[in-house]
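For reference, the structure is listed below as structure tokens.
Lettered A, B, C, D, E and F in written order, each chain numbered from 1.
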Amino acid sequence: MNLAAVNNLISKAEVLVEALPYMRAFAGKYFVVKYGGQAMVSEELMNSVVVDLILLKYIGIKPVLVHGGGKEVSEMMRQLGKKPQFIDGLRVTDDETMEIVEMVLMGKVNSHIVSLLNRQGGKAVGLSGRDGELLKARRKVLYKPNGSGKETVDLGRVGEIVRVNPELIHTVSDNGYIPVVSSIGSGPQGESLNINADHVAGELAAALQAEKLIILTDVEGIYRQTGTGIEFISEITGREARELIRTGGINGGMIPKVESCLQALDAGVNRIHIIDGRIEHSLLLEIFTDAGVGTMVTR
Amino acid sequence: MNLAAVNNLISKAEVLVEALPYMRAFAGKYFVVKYGGQAMVSEELMNSVVVDLILLKYIGIKPVLVHGGGKEVSEMMRQLGKKPQFIDGLRVTDDETMEIVEMVLMGKVNSHIVSLLNRQGGKAVGLSGRDGELLKARRKVLYKPNGSGKETVDLGRVGEIVRVNPELIHTVSDNGYIPVVSSIGSGPQGESLNINADHVAGELAAALQAEKLIILTDVEGIYRQTGTGIEFISEITGREARELIRTGGINGGMIPKVESCLQALDAGVNRIHIIDGRIEHSLLLEIFTDAGVGTMVTR
Amino acid sequence: MNLAAVNNLISKAEVLVEALPYMRAFAGKYFVVKYGGQAMVSEELMNSVVVDLILLKYIGIKPVLVHGGGKEVSEMMRQLGKKPQFIDGLRVTDDETMEIVEMVLMGKVNSHIVSLLNRQGGKAVGLSGRDGELLKARRKVLYKPNGSGKETVDLGRVGEIVRVNPELIHTVSDNGYIPVVSSIGSGPQGESLNINADHVAGELAAALQAEKLIILTDVEGIYRQTGTGIEFISEITGREARELIRTGGINGGMIPKVESCLQALDAGVNRIHIIDGRIEHSLLLEIFTDAGVGTMVTR
Amino acid sequence: MNLAAVNNLISKAEVLVEALPYMRAFAGKYFVVKYGGQAMVSEELMNSVVVDLILLKYIGIKPVLVHGGGKEVSEMMRQLGKKPQFIDGLRVTDDETMEIVEMVLMGKVNSHIVSLLNRQGGKAVGLSGRDGELLKARRKVLYKPNGSGKETVDLGRVGEIVRVNPELIHTVSDNGYIPVVSSIGSGPQGESLNINADHVAGELAAALQAEKLIILTDVEGIYRQTGTGIEFISEITGREARELIRTGGINGGMIPKVESCLQALDAGVNRIHIIDGRIEHSLLLEIFTDAGVGTMVTR
Amino acid sequence: MNLAAVNNLISKAEVLVEALPYMRAFAGKYFVVKYGGQAMVSEELMNSVVVDLILLKYIGIKPVLVHGGGKEVSEMMRQLGKKPQFIDGLRVTDDETMEIVEMVLMGKVNSHIVSLLNRQGGKAVGLSGRDGELLKARRKVLYKPNGSGKETVDLGRVGEIVRVNPELIHTVSDNGYIPVVSSIGSGPQGESLNINADHVAGELAAALQAEKLIILTDVEGIYRQTGTGIEFISEITGREARELIRTGGINGGMIPKVESCLQALDAGVNRIHIIDGRIEHSLLLEIFTDAGVGTMVTR
Amino acid sequence: MNLAAVNNLISKAEVLVEALPYMRAFAGKYFVVKYGGQAMVSEELMNSVVVDLILLKYIGIKPVLVHGGGKEVSEMMRQLGKKPQFIDGLRVTDDETMEIVEMVLMGKVNSHIVSLLNRQGGKAVGLSGRDGELLKARRKVLYKPNGSGKETVDLGRVGEIVRVNPELIHTVSDNGYIPVVSSIGSGPQGESLNINADHVAGELAAALQAEKLIILTDVEGIYRQTGTGIEFISEITGREARELIRTGGINGGMIPKVESCLQALDAGVNRIHIIDGRIEHSLLLEIFTDAGVGTMVTR
């Protein structure tokens, strides 16, 4: 080998060496990864996420993938002649819609991710929140102001989590599998309920005492409005985030993303990373390089 | 209590006592139950099957449920404007159809059974053959005679099993869950393949060294044609069954049922019971009473 | 099968189904069964009790049988030319009598029950309270009023329990055996002491944190005296029972039975069932049917 | 301390040191000790045996004690007005006698040994061969020559072992207890059978793959008849012993002792020691000193 | 055997019996033995210590040997042309000296003890405090009074323990090995530090919650000065020892020995024995005989 | 982040991804690494090796380091006024020399490597072949031709391995430690013997059924002599190597390196890699990149 080739190899090795302290720190810990939105469109990017998850598994980290699939649900609804309808960003979910949600999430999105993981050499198991009563939920009540006060709005089978039974995740994860979880809950009668995937990821992360919750999304992270323009935030506490929302520093489309982080903090998660799923291997970069990518939200 | 009440109670206890030798014999053994067809129509009968499975689990037997869902798939296809098409009883499965098969089996049939089991107090986990590469499959080649010889018929994504990886079933079952398996296989590239549910049940039973394979169906069992009419068969060997098919003693709609039993015998299963799922608690009756119900096929 | 036969079978299955919630509730729990008195006379009834115990064991309950054997002891004493003598219902037990007690309980009653259990397919182990120092006891002092105050009465080797060492029961029970325990304690010098079997059962139940203490006896349960006659009590608290004894509502031969229940409550047992051992399978009926039999005494 | 005291202490330590290689060799091995006959008469000698067994247990050896109790049985029979009767050294055992045998062995001899062991700080568990079907036996048929050939003699409930189920010994021994086994077997119907204690010890030793079978008796060991007198044998093979019996070198009361050794060799035991139970701590001396005591019979 | 021989054997057995209660009391406990000084000179005495340690191991005690080797270090220094230098009894340890200390302790003293243990049938593993960061240390600062106050004295690489990581001892000891530990610590940068072996033994004993710390030395134990002469102390509390030092009752060469005991008491050790390593098997005598040898220091 | 920074990060992640299939293949396997010679000179390179070993440990590989230290031994000998002497490349080792070998290897080289590993965050344990009788050896006999035939040459305490007892390596490695082994064996009397480190590495690799034996050396690998010059060999079988030695294709200083590989193949190792320890992270490069470095010798 000539010297250039050798030096090239050595710099490769140095990447592995740079990862060592992170391996040390994270061995045996759960990492809950929320995956969805635009990031899921390109097959190439999905493969990159999938490979990252398998690598985490190999070095002793316990990844758990949570996904939604709003776009695919709406598409199937249209194919079946139903019109998607939303109130405050929540899908109105009648029984027929719930059936479609469940078919699309479990039968299409989840099983697609499972097969990608398997194809790359991982061992994945697809789960819904109904399996082993993993996500026990109840119907979510939405209050809307009206003229004389507030009224409740019927969203149908939209749920919120009341208890996580994480045993199934432990069983599956401790036996070498990567759990892939659809954002479907088990209602009071065992009926399926449609739950927001960010919410599922936050609650699972809390119940598993996950080291990190990582939200793979289609933006670089969180931005704040300043007098002169926008500014990228690489680290922020929950308290600061709330203050920025109050004062308008965080606004528009950023608000729901930040709010799901705040909800996860409330559930007991210590560190949340919002990272750009459009960058190849962004998961590895976040975890194993000193630079980090995206925004970290801490208590 | 008056004497009649006491005697009634005693005869209840005697039923439990009658079950004792079977509990003793079957503790710790796998029972693979194929469930489908007409038997699955009535919610009440489904509940009866589900309760039986939970009871088996409680007394130390390891039940595994395998299901198909042909009727539901065809219905969804029609809703989506596609026309179901069959060759030799096998569904022609193009990519779009496969997507529908997977959505319906995993997102609808499987998740419905899981929720019934949970509602009755069991802990169920829904699995497809892709989870943990449980059912490794390849495309099935169908040969049809034509004028000059044979030609292969393209059925699309119809599969046959080449290897069962039963570890996931052991993991899930040993941790107290009842596995519910959809008849979907993982193809060479990890792509989903549509597999006949009887075939899945037979191969799983063989790989798990199951004590019994029980096929819940919508007939009483196997009948034979005699000179004077038809006659119910309560026990038959594989060899005898093959002979009866050859000589026309078994014919018509009975043939595919019997052939799936023969295939399971070939895979290594020792005892197959074809029983009538339309009788309430037929599963319990088969297992725990001296009388037995349905037809038993043995090597 | 004709319809009547099928319906008969179904009603059999429903008995099993009725038992399911109880299996669920009691799996892994200890049930201490005191067995003695008239109930032990008929070989057929003994077999019925024995089968019930084996069935409990099979479905994951941990039965422990405690027995005395007063009648058999008195008989052997008479054969050996000794006259049984009692003070306040307690057998005066000199050294020679103690030897007879031990021989009869361990060498006759206990070993007979063990062999019945084995013959029916259970795995039983006979134990006395001396094995592994299971029942550490001291001599019981009886105070009798006399003219000027109280005097102590020497009952010889009659004991009362001071400590239970339940490890041996755990060892034996967790390895698949049904422990059968004679009511003999280990005195301060390791010498054998004669202990009341109800007392042994209560203390063992408390030490094992048993789900239930079941006293198989030769009456239907507890009766109370009312103005117009006697009335069967199906459920009563300890406090109520004490009150009824005070006011004469419970009297005569009922008192010792109730007092041994009160003593077990004091030792820490939550539920005590006094049931009629003369009814076949009364143990199963008590545990697995909604009706229940006998009297339940609770805290 | 003065020099003499120090030297005295050092020679004490050297005894411990002399024992070291034996501890090393025997750790984790079973030693089956047959105890009976004259050796059991003196309470002091019994305590010496008991202390030796506890010491073995402490240093990691697994002792199992087997006992008979012929003398005590005969005594009790006489008390109950029955006359002991023997054919070829075997007790004729009718049902009533069997009841006495079982009462005396389990309720008197066994429980006495258990309490001695407990009193010295050991943890003992008394077992009969019926517990856990430890000793599965059948009725022994004795053939006696008569005028025209042979006739069978009915000894009643005298048994011979057909199978040892050693699991109960493993369970009890591995949990820190010393098993004390009465020589009673479980017949085809679970009924008790009276078995020779030497025979029980030999079969148990074989089934447990015991390192040694030690027979504590009331003679120094085996003697042979020579031309000039008798000679003590310190080591002999089975083959040599058979030859000596054939040629009259071993005769009289020595024969049954030697034959029970030969039977144990046939059952698969490698080393049998016949030692003098009248010497204090003869068990320890045999095991832990270079000199050894008594006669060793090897294959 | 003649009677004298038998009686001699019996008195041997009685030594074993005398040891029984100690075996019972100490099973599974750690014993840390500090070994060094004059006691280590004679090969015969070393063998006696080594045999004692193996015996402890066999009967279920967990011995850990700690050694220094000051004399051997000084000798090697002289061979290499360096002059040993001490301040307040502590060796001034420059880098070159530290290298010699480490070579001599690990490569000579430790490996010699390990091979003696192996040769006598033990399984020993030599460890330094750097292995698995067993003894985390920092440089010791010595303050010396000078004219105007105090000044610090640079002793070079002399250390004191700041944390014990006992996992490696547990791993090695639980797998049947006897750990032999050199008194070398791991400094802040992982560099080796020279630590007093008594100090190491005390800290290890505390971290292992050892039953006893035994210091094998070349005197009989601790003596006190009285008006008329010196008097041997067989038992003393820490408080009493401090008082005797203050009042001059303990003085001269006795003081450092006693102070290392006091330090061990402070670290949390309950019982320290200073015994005379020049007596053969003094370790066994201390542990297993009622007399005991040497001085016991307690809290 | 600008695009260049992102792309740089992505290529970092790709290095991790490239390593994934190797992690998968090697998880749970032993890798024995022989480390010595020039490669050990620079502190920087030693740190690079040490970091590589820790990384292997973190991703589930079980590294074992074997070292010699000839140069350091010769240096210390000279300091102590002894002249190193060699016959056929083997050090003549009298008792004094053996003492120096042991002190230098264990007290200096081994403990230095252990501290480097600890300082980088690994948990290392230094072992010699005497610990736990890891390397049982005998004196090596060297035969030299002389005028009339052959004579044996006395090399003193030079040994060759007769048995490896790998339990200690398993114990230490399975509990999270990296074993660092000095090339010292335990002779027939437990005395230390000086063994060639390549030989130790080969025998250990065979006994541990290591996936690979990696020899870190100060050349690029093996070269062959061709007609026109020398040529680097990247892969060669044992058979080919023997042939090349016979025909002179491999000659000079290459021969001993190749012969130690052949010896390891004979001992049962499947794959030996001779790699250049002067390249930073050459260990990682060999294991985790597709290119590989150095020469691989296979069966």
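Just so we're on the same page, contacts are C-beta pairs under 8 Å (C-beta built on N, C-alpha and C of every residue); 3 or more make two chains touch, one makes a residue touch a chain.
If you're wondering where the values come from, they're calculated on a predicted model, not measured in any experiment.
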{"item": "Chain labels contacting chain E and also chain F", "value": "none"}
{"item": "Set of chains whose contacts include both chain E and chain C", "value": "D"}
{"item": "Mean-CA-position distance for chain C and chain B (Å)", "value": "47"}
{"item": "Interchain centroid distance [CA atoms averaged], chain B/chain F, Å", "value": "58"}
{"item": "Distance from the mean Cα position of chain E to that of chain B, given in whole angstrom", "value": "71"}
{"item": "Where chain E touches two or more other chains, by residue", "value": "none"}
{"item": "Pairwise touch network: line, ring, star, complete, or other", "value": "ring"}
{"item": "Successive chains along the ring, chain B then chain C then the rest", "value": "B, C, D, E, F, A"}
{"item": "Residues of chain A touching chain B in the complex", "value": "79-80, 99, 102-108, 110-111, 114-116, 118-119, 123-128, 130-133, 167-168, 171-172, 175, 177, 184, 186, 189-192"}
{"item": "In the complex with chain F, residue positions of chain A that touch it", "value": "1, 5-6, 9-10, 12-21, 23-24, 27, 51-52, 54-55, 58-60, 121, 279-281, 284-285, 288-289, 291, 293"}
